[in-house]
Amino acid sequence: MSEPKKSFEAQLDELSQIVNELEQGNVPLETALAKFQTGIALSRSLEQTLAQAEQTLTKVVDEQGNVSDLADDDNQQAK
Amino acid sequence: MSEPKKSFEAQLDELSQIVNELEQGNVPLETALAKFQTGIALSRSLEQTLAQAEQTLTKVVDEQGNVSDLADDDNQQAK
Amino acid sequence: MSEPKKSFEAQLDELSQIVNELEQGNVPLETALAKFQTGIALSRSLEQTLAQAEQTLTKVVDEQGNVSDLADDDNQQAK
Amino acid sequence: MSEPKKSFEAQLDELSQIVNELEQGNVPLETALAKFQTGIALSRSLEQTLAQAEQTLTKVVDEQGNVSDLADDDNQQAK
Amino acid sequence: MSEPKKSFEAQLDELSQIVNELEQGNVPLETALAKFQTGIALSRSLEQTLAQAEQTLTKVVDEQGNVSDLADDDNQQAK
Amino acid sequence: MSEPKKSFEAQLDELSQIVNELEQGNVPLETALAKFQTGIALSRSLEQTLAQAEQTLTKVVDEQGNVSDLADDDNQQAK
Amino acid sequence: MVESNYLSVTQLTTYLKRKFDYDPYLQRVYLTGEISNFRPRSGHQYFSLKDDHAKINVVMFAGAFKKVKFQPETGMKVNVVGQVTLYAQSGQYQITIDRMEPDGIGALYLAYEQLKEKLATEGLFSRPKRALPRFPKRIAVITSRSGAVIHDIMTTAARRDPLAQIVLFPAVVQGNQAADSLVQRLRQVYQYADFDVIIIGRGGGSIEDLWPFNEEIVARTMVASPIPIISSVGHETDTTIADLVADQRAATPTAAAELATPQLSEVLASVLDGRTRLLRSFQRQLQLWRQQLQRQQQSFLFQHPERLYQGYLQQLDLLQQRFRQTGQAYLQTRRQLLQKVTQRLGQVDPSAQVDNQRLRVENLQQRSTRAMQGLLQQKRQQAGQQMQALDQLSPLRTVARGYSYASDEHTQKALTSVIDFQVGQTFQLQLKDGRIKANVLQKENDKNE
């Protein structure tokens, strides 16, 4: 996971671009190797992110900016 | 591996050119010998580069063509 | 090997010319003697060059004429 | 060997002329003697020169007319 | 050897003339004696010349009259 | 030896004349004596001259009529 | 009295004004007419109402005008309620209205249409819509805390994208406070930097219920949003101004949640597909490279590198052979020449000449000796004859016979005459066997002589 700063979307885009480039061919070997490795790493990173996804609880922010979980009743309704 | 800066394609071109020149004959012996050695060196360098690239691919893909197992290994190494 | 700058072909030409001159006769003995010596030196130099060429090529290429085997050996040495 | 500057051919000519003169007879004793001595000296000088040339050539050519043996010896010394 | 400038042949002629004169008789005694002594001196000179010539020749030529043997000897000395 | 300038032959002539004069008789004693004494002196001189000449010859020629021995002596002296 | 018949203008006007003010009919007049000479002002509004035959000045004070939902325009037919009064300073009567509504259609609808047209003219609707983030991390939802809207959104988001954080900003979505509440919550959301998208909405209702979403302030606040907004107000048939200015409009809260969140299972599938394509293309490319490399490696030359020098081996071998043969032939020629000449030289050895000359010298020597010997012998004979003859003639022979003669003792000169002697003189007398010395005692001459 070399670049954790990149957003999920940016990673997805990069993967897609790498796939397109390699499929079009004409990429020098070293570049292709680097891109391949980057692509594989990206796909793993993305996969992991997706696999590890846990549901987040809904929060409530009042006018004063106080944050609280949504009432249990509400959550139960949501489930 | 004297010139690691040259790309695989550049080396392959060079090798190809050397092979053509030598097969056409009319190359002075010392030059031919030097070119042949350069050709061998290039061939080895290319072989190595390619072998490394192939290894990289093999590391990624296991026997079942399943990528994720090795990916996990890599993750464990990275951790 | 007094003049390593001369190419193999140049040396071969020179030897050939010496032989031609000697074959025509008319060469004073002292000149002929000098030519003998030059010829001998050339002959040895040429032989050595060829022997070196043979050695070099033999080192590179094994009995099966397979270049890659040795390349592998080198790789192992390099490791 | 008083005059090493004279070429083999010049010496041979001189010897030949001496022989001609002596063969014609009518040569005063001292002159004949001197000429004969000169002739002998020339003959020896020529013989030596020729012997050296033959040695030089013999160094190259052994009994089988094979040059490479000596060349090999040199190589071994050079090693 | 009072007059070494005179050639062997000149000396021989002189001696021969002296002998002729002496043989013709009618020569005053002192003159005859002087001539005789001159003759003797000439004959000794001639003999010496011949002896030297013989020595020289012996040195140059061996008993078999073979020049090349001596040439070989010289070569051996020269070696 | 009062008159060494006179040659052997002149002396012999003188002696011969003295003898002739003495043979004619009529010579006064005094003259006869003087002439006789002159004759004696001449005789001795001639004798001496002959003896010297003979010595000279003997010195040159040995019993076998061979000149070289004495010549050798001279040579030895000369040496 | 006469003078008192004349009223001042003020007196008359005051009188007339009291008539207007105290007339019960003029206290509250319901008047319908067409707006004329309307020029919007910041405070109180002054314009006219007219019909085909008459015209009346209208005053609407700022407080009343604020409550008007629509924007009055010249030519617009309106119903107004107000009091007719006289304005003393100008002597004109006027109607001071506190309510004004469009004639015919509802005021709300008119207000909606007017705002829609206004905002459209400003280009707020045609402005480029912001794209929704594909993978929002935090989604702000502005709606009522209770109700189905938040429930539907939570359910849908959890199903599609459990990663997305839903944050509810509860708002009043109905009634007079609703617009202010919505604007406040929107602005509150804007202050957070980490929201990716906003869903604003409420459930279905009447136009009055939905009216806060038609308020201009709400629309303008939404337009000012730094992040994309999805609106979901009422049912699909209801279109509020909020829906028009939103970047995306959803028919239902569920649809809004679907717009806002990705379907993660599809994303995973596309990631895996991408990886497969990556592997396949890289593999194919590697094979291609391998083939290219093999083509070079299997070239004739690499299989038979000895071809590089084999030709030379033969060439050199032949040349060396020629070199040796040539060298040998060359030397052999010289050797033969030399041998021939040397042989000839041997044959002209001056030894024979020396021998011949020696013979000649020896011969001459012998002849010389012989001649000399002969000569000596001859001379000796000649000398011997004379000497012998002399000996025979020696005067001394007479002495031997007994004669003697006198001679000077010094000069040996014979003394043969008396005159040769002196008396007393010593002389020598030669005898046959020796000499004696004698003195002259006396001398006498013979007479006949």
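Every chain is named by a letter (A, B, C, D, E, F and G) in the order it is written, and numbering of its residues begins at 1.
Everything that follows uses one rule, which is that contacts are C-beta pairs under 8 Å (C-beta built on N, C-alpha and C of every residue); 3 or more make two chains touch, one makes a residue touch a chain.
From a predicted model like this one, the values you see are computed outputs, not experimental measurements.
Between chain C and chain D, the least number of touch steps comes to 1.
Counting C-beta pairs in contact, the pair that comes out ahead of the other among F-G and D-E is F-G. Centroid to centroid, with C-alpha atoms defining each point, chain B and chain C lie 32 Å apart. The mean-CA centres of chain B and chain G are about 23 angstrom from one another, to the nearest whole unit. Separating the centre of chain C from that of chain G, both taken as means of CA atoms, is a distance of 42 Å. Shown for chain A are the residues in touch with two or more other chains, namely 29, 32, 36, 40, 43, 47.
Multi-chain contact residues, meaning those touching two or more other chains, occur in chain G at positions 275, 279, 282, 289, 297, 302, 305, 308-309, 312, 320, 323, 327, 334, 342, 345, 349-350, 354, 357, 365, 370, 372, 376, 379.
Residues 7-9, 49-50, 52-53, 56-57, 59-60, 67-68, 71, 74-75 of chain D are the ones touching chain C in the complex.
The residues of chain A lying in touch with chain G in their complex are 7-9, 12, 15-16, 18-19, 22-23, 25, 27, 29, 32, 36, 39-40, 43, 46-47, 49-51, 53-56, 58-63, 65, 67, 70, 74-75, 77-79. By the touch criterion stated above, chain B contacts chain C in their complex at residues 28-30, 33, 36-37, 40, 43-44, 47-48, 51.
Contact residues of chain G toward chain A in the complex are 133-135, 145, 150-151, 154-155, 158, 161-170, 184-185, 188, 264, 267-268, 270-272, 274-275, 277-279, 281-282, 285, 288-289. Within the complex formed with chain B, the chain G residues making contact are 275, 279, 282-283, 286, 289-290, 292-293, 296-297, 299-302, 305, 308-309, 312.
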